[in-house]
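In what follows, chain A forms one complex with chain B and a second complex with chain C.
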Partner chain A sequence: MSLEDLKKIPYGKTAIELKNISLAFGGVKALTDVSFDVKKGEVFAIIGPNGAGKSSMLNVINGFYKPTSGTINFAGTDRNEMEPELAAKSGIARTFQNIALFKGMSTLDNLMTGRLLKQKQNFIMQALYFGPVAKEEEEHRERVERVIDFLDLQSIRRTPVGSLPYGLQKRVELGRALAMEPEILLLDEPMAGMNVEEKQDMSRFVLTVNNELKTTIVLIEHDMGVVMDISDRIVVLDYGKKIGSGLPKEIRNNKAVIDAYLGVSDD
Partner chain B sequence: MIYKETGQYKSSYKSDHAIFPLLQDKIAFSTLMFIAFLIIPFVINSYWEKAILVPFLIFSLAAIGLNILTGYCGQVSLGTGGFMAVGAFSTYKIMTYFPDMNIMIIILISGLITAAVGIIFGLPSLRIKGFYLAVATLASQFFLVWLFNKVPWFYNYSDTGQITVSERTMFGIPVTGAEAPSYATYLFCLVLVVLLSFAAKNLIRSKMGRSWMAIRDMDIAAEIIGVPPLKTKLSAFAISSFYIGVAGALYFAVFLGAIEVTESFDIMTISFPVLFMIIIGGLGSMLGSFLGAAFVVTLPIGLKFLMVDMVGLSAVTAKHFEITIWGLLMIVFLIVEPHGLARLWSIAKEKLRRWPFPY
Partner chain C sequence: MSVELLNFIETVLNGLMSGVMYSLVALGFVLIFKASGVFNFAQGVFALFAALTLVGYQTGQVPFAHLINELFGTNYHNWYASMPNFLAILLTMVTMIALAWIIERLVLKHLVNQDPIILFMATIGLAFALEGVGDLMWGSDVKVLDVGIPSGGSIWLEEATIGLAAEGSDYYGMYVDVLNIWATVIAVILVVSLALFSQYTKTGRALRAVADDHQAALSVGISLRSIWILVWAISGFIAMVAGIMWGTESGVQFSLSLIALKALPVLILGGFTSIPGAIIGGLLIGVGEKLAEIYIGGYFETGALENWFAYVMALVFLLFRPQGLFGDKIIERV
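Now for the complex of A and B:
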């Protein structure tokens, strides 16, 4: 599996397939026998009540957790575990539920870190900083500036991200993931804690990325309005088990999903 | 109004990413270089060389080294003295085996040897962080000093355990040994410090530096974007040790001339003062490394002048006061300005930018 394999897959065909994934931490079963597939170019949502195992699922996809059993088919190749670095190399980027930015660095530098894997010059050349290194830096800077333009981050380019407000930090984190020019973007609650305007902005960014760059998006979100509006397909987890999957309108009428969210009535 | 950037438009990413993007900074830096290279060598005397300028340059280099590791990559180290000793003893051994080798090359090779040792002692950093890593590096400090004391091969079986530098020249002028003129030792250190500082700054503003800072600020996120933690931490250890090794080599060969390892590379004479330098100067700042080194080198001289020459205290009492003042200063800095002198400077710059208007 590699970035090339992933790029070759036509849009609408399966990019990642998760087969019977189980994940246990000692006696705690975070995921039990979960299977679903993500098609290339779609917006795929993972929803479920708190503690359903959604974030664990993302962590399995990008190699943070090794599944106890089950296989991941990534771009046509079976594998039962990933390494985070390998995932990054094969075009998977992600954002975190609790912002994981580099707080001491400026917005620009944070976004530039997204380009690290693509910078090839060795450290001696970097220390001398002439010709090829300077050219490479400028090239990547230009890419990053496009992301800055897209996400409207111009005014905070030089600001250390630690001092930015929450909504902007979320946006910078999306920017860092976008700077990697990923094929698959994993978003862990990108709209958590935002007000309506910020949610609208973020939804627009996600949809634009999906439409213009054809990036596959896997997203976890609690705001049902947003999820139903922007996602193509949805999978629902509850207590580590898959309880439903399908198009938004199917999920809306799914009995098991309604029970999981609202509780089962006694009668 | 003095420091305003208005009207200085950058038309390329290159000029925006320059080391000194502002005209004022360029002028200040050129003036400083002019004074350092073309005025000081003609007026320098032995006191200025031995007491202030050469130690300042050498400790600046050590501070840059430690700042790369601690300030930029977030790995606390207390092993500076041990690593400087590696640099010093490598220089001594290479000098004995290759009497004809150029001193500049010897010192750079000593740096590389120290880098290799740094990588070995950096290995635990993958598993342990913070305080625990500091203690692990403390072990390297004690181990290395013990090693150079215990194995006579390192000091060529001399009776005293001392190592003494022999005379080496650059362009026919001696830069090491007792005969070396003040301007020569000063210029030799200055050239190395300027070149290596630019190299460090370049590393910091390109891929390597961003990897280090990513590991420092959030190692999990760094891994997600494809920064390998082990490789990045070890590269910080290696490059930091290279700088510290070169500083140790200069400290021995150019500055002191003869050393005894337990005395010269003790934790209290090297490791802690260099750590103070980067804390007082500013963690994660090149300018901070220089400011911190200048502060730590000149403060005892200033205090001695004040207490012994002005007030008339006895030298011993003054020394006691000095240690107390040190402790006090550390606490004050950690509480009042944890980002050190470099931050004070940037606040001053901000004020100068607006001056004479309040905002």
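Now for the complex of A and C:
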């Protein structure tokens, strides 16, 4: 599996397939026998009540968690588990539910870390700041500036991100993931804790990325309005099990899903 | 100017310069602590090991000579050729990088995600094991280290200051060791280039990223292990510089690894996670120590005030700012 394999897959065909994934921490079962696939170029949402195992699923995809059983088929190759480094190299970028930014670094530097894998100059050349190093830095800086423009981050370019308000931090985190120019973008509750206006901005960013860059997006979100609006397909988890999947309108009318969200009545 | 004032300035100057050495060792601690969360007790032994290795290469000693001779009944001790300083320093650097790689392979890799106390214990083990390896490789006798750095009192400074005292007073000018001036210059160059490197290159950025958030660093594809090797190698390099300075001043001997423990009060003062803290903490300890030695040292019979005063400073400091001058603020969430 590699970035090239992923790029070769035509849009609309399966990019990642998760087969019978189970994940347990000691006696706690976070995921039980979950299967679904993500098609290239779509916006795919994972939804479910709190503690349903949504974040665990994302962590399995990018290799933070190793599934207890099951296989991950990534771009045509079966694997038992992913590695975070390998995932990043193969074109998977992500954001976190509890923002994981480099708090002491500026917005610009945070975004520049997204370029690390694409920068090829070796250590000794950098130490001497010799030859093509400066040119390469400039090149990547340009790419990052485009992301900054896109996400309207110009005014906080030099600000240490630790001091930014929550909504902006979320946006910087998206920016760092975008700077990686990923094929697949995993977003863990990108709109949590935001007001309506910020949510609209974020939805617009996500849709633009999906439409114009053709980036595949796997999204966890609690706001049902947003999910129904922007996703192409949805999978629903509850207590670590898959209880439904399909198009938004199918999910809206799915009895099991409604029960999971609203509780089951006795009669 | 009065003679008292001039003496005071001289003391402070000397204190600052010996403080530079403490700062250097403390810097090695901080770098490793920030990047891998390990408090590396072996940092002092690194300095000793680097100095031993340097002398060994320089004078053409056969490494592990004693062991080889015992095993095979041979009688090698020397290559009968010495090495130019430049080459010896370069080879020592390579050795320190190799050491960092070996430590990552043999120790750190297997202890990822363990409690900090376990990692700390591992580095204590590492310290003594490395001392043993140093002994086995190069022998335990005290060695003279000379890489061509001049030493002795600075005549220039003495002559420049001799006329400053009031007319008719009995003043001979300031005494500052040239070696210390060199050490300061080299340390400043080292720190500035490190700062530039970490600020403006991609590897520097990766270094800062790992120090800030491991999970986020992994998600952008940084390899934690290669960064750890790099950080340990840089710390080894800093230790080498410190080892050269101390070795030149007082010979390369095994007690060198103990001087490095002076970095502990420096870290308490400066904070374990702050690079400026390590530098300023080192300078403060250096000055404090020298001032105490000169002005209150006379009240103590043994006269070994310098050995423990730094720790007293650190203890007093702990009462008021447990996180250190620049350390991350300790916030307890309930």
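Just so it is clear, the second predicted complex is superposed on the first by the 267 of 267 C-alpha atoms of A that agree within 3 Å, B and C clash if a C-alpha of one lies under 4 Å from a C-alpha of the other, contacts with A are read in each partner's own complex, and residues count from 1 in each chain.
Here is the rule we go by: a residue touches a chain if its C-beta (ideal position, glycine included) is under 8 Å from a C-beta of that chain, and two chains touch if they have at least 3 such contacts.
All figures in this text were calculated on a predicted structure; none of them were measured in a lab.
A.B. asks: Identify whether chain B and chain C fit side by side or clash on chain A in the overlaid structures.
C.D. replies: On the shared chain A, the partners clash.
A.B. asks: Once the shared chain is lined up, is A:141 touching chain B (first), chain C (second), both, or neither of them?
C.D. replies: In the superposition, A:141 touches chain B alone.
A.B. asks: Looking at the overlay, does A:114 come into contact with chain B only (first), chain C only (second), both, or neither?
C.D. replies: Both chain B and chain C are touched by A:114.
A.B. asks: According to the stated criteria, A:245 is in contact with first (chain B), second (chain C), both, or neither; which is it?
C.D. replies: A:245: touches no partner chain.
A.B. asks: With both complexes superposed on chain A, which partner does A:231 reach: first (chain B), second (chain C), both or neither?
C.D. replies: Neither partner.
A.B. asks: Which partner does A:32 contact after superposing on A: first (chain B), second (chain C), both, neither?
C.D. replies: A:32 sits against neither chain B nor chain C.
A.B. asks: Where does A:55 make contact in the superposed view: on chain B (first), on chain C (second), on both, or on neither?
C.D. replies: neither
A.B. asks: When the two structures are overlaid on chain A, which partner does A:203 contact: first (chain B), second (chain C), both, or neither?
C.D. replies: In the superposed model, A:203 contacts neither chain B nor chain C.
A.B. asks: On the A-aligned overlay, A:215 touches which partner chain: chain B = first, chain C = second, or both, or neither?
C.D. replies: neither
A.B. asks: Using the superposition described at the top, list the residues of chain A that contact chain B and also contact chain C.
C.D. replies: Looking at chain A, the two contact sets intersect at 62, 64, 84-85, 87-89, 93-94, 96, 100-105, 109, 112-114, 116-117, 119, 121, 123, 126-127, 129, 133, 137, 176, 180.
A.B. asks: Enumerate the contact residues on chain B facing chain A in the complex.
C.D. replies: 12-14, 17, 199-200, 202-203, 205-208, 210-211, 213-214, 216-218, 220-228, 235, 239, 284
A.B. asks: Along chain A, where are the residues that touch chain C in the complex?
C.D. replies: The contact residues of chain A facing chain C are 62, 64, 84-85, 87-89, 93-94, 96, 100-105, 109, 112-117, 119, 121, 123, 126-127, 129, 133, 137, 176-177, 180.
A.B. asks: Residue numbers of chain A touching chain B in their complex, please.
C.D. replies: 62, 64, 84-85, 87-89, 93-94, 96, 100-105, 109, 112-114, 116-117, 119, 121, 123, 126-129, 133-134, 137-138, 141-142, 145, 176, 180
A.B. asks: Could you please specify the touching residues of chain C with respect to chain A in the complex?
C.D. replies: These residues of chain C touch chain A: 197, 200-206, 208-209, 212-213, 215-223, 230.
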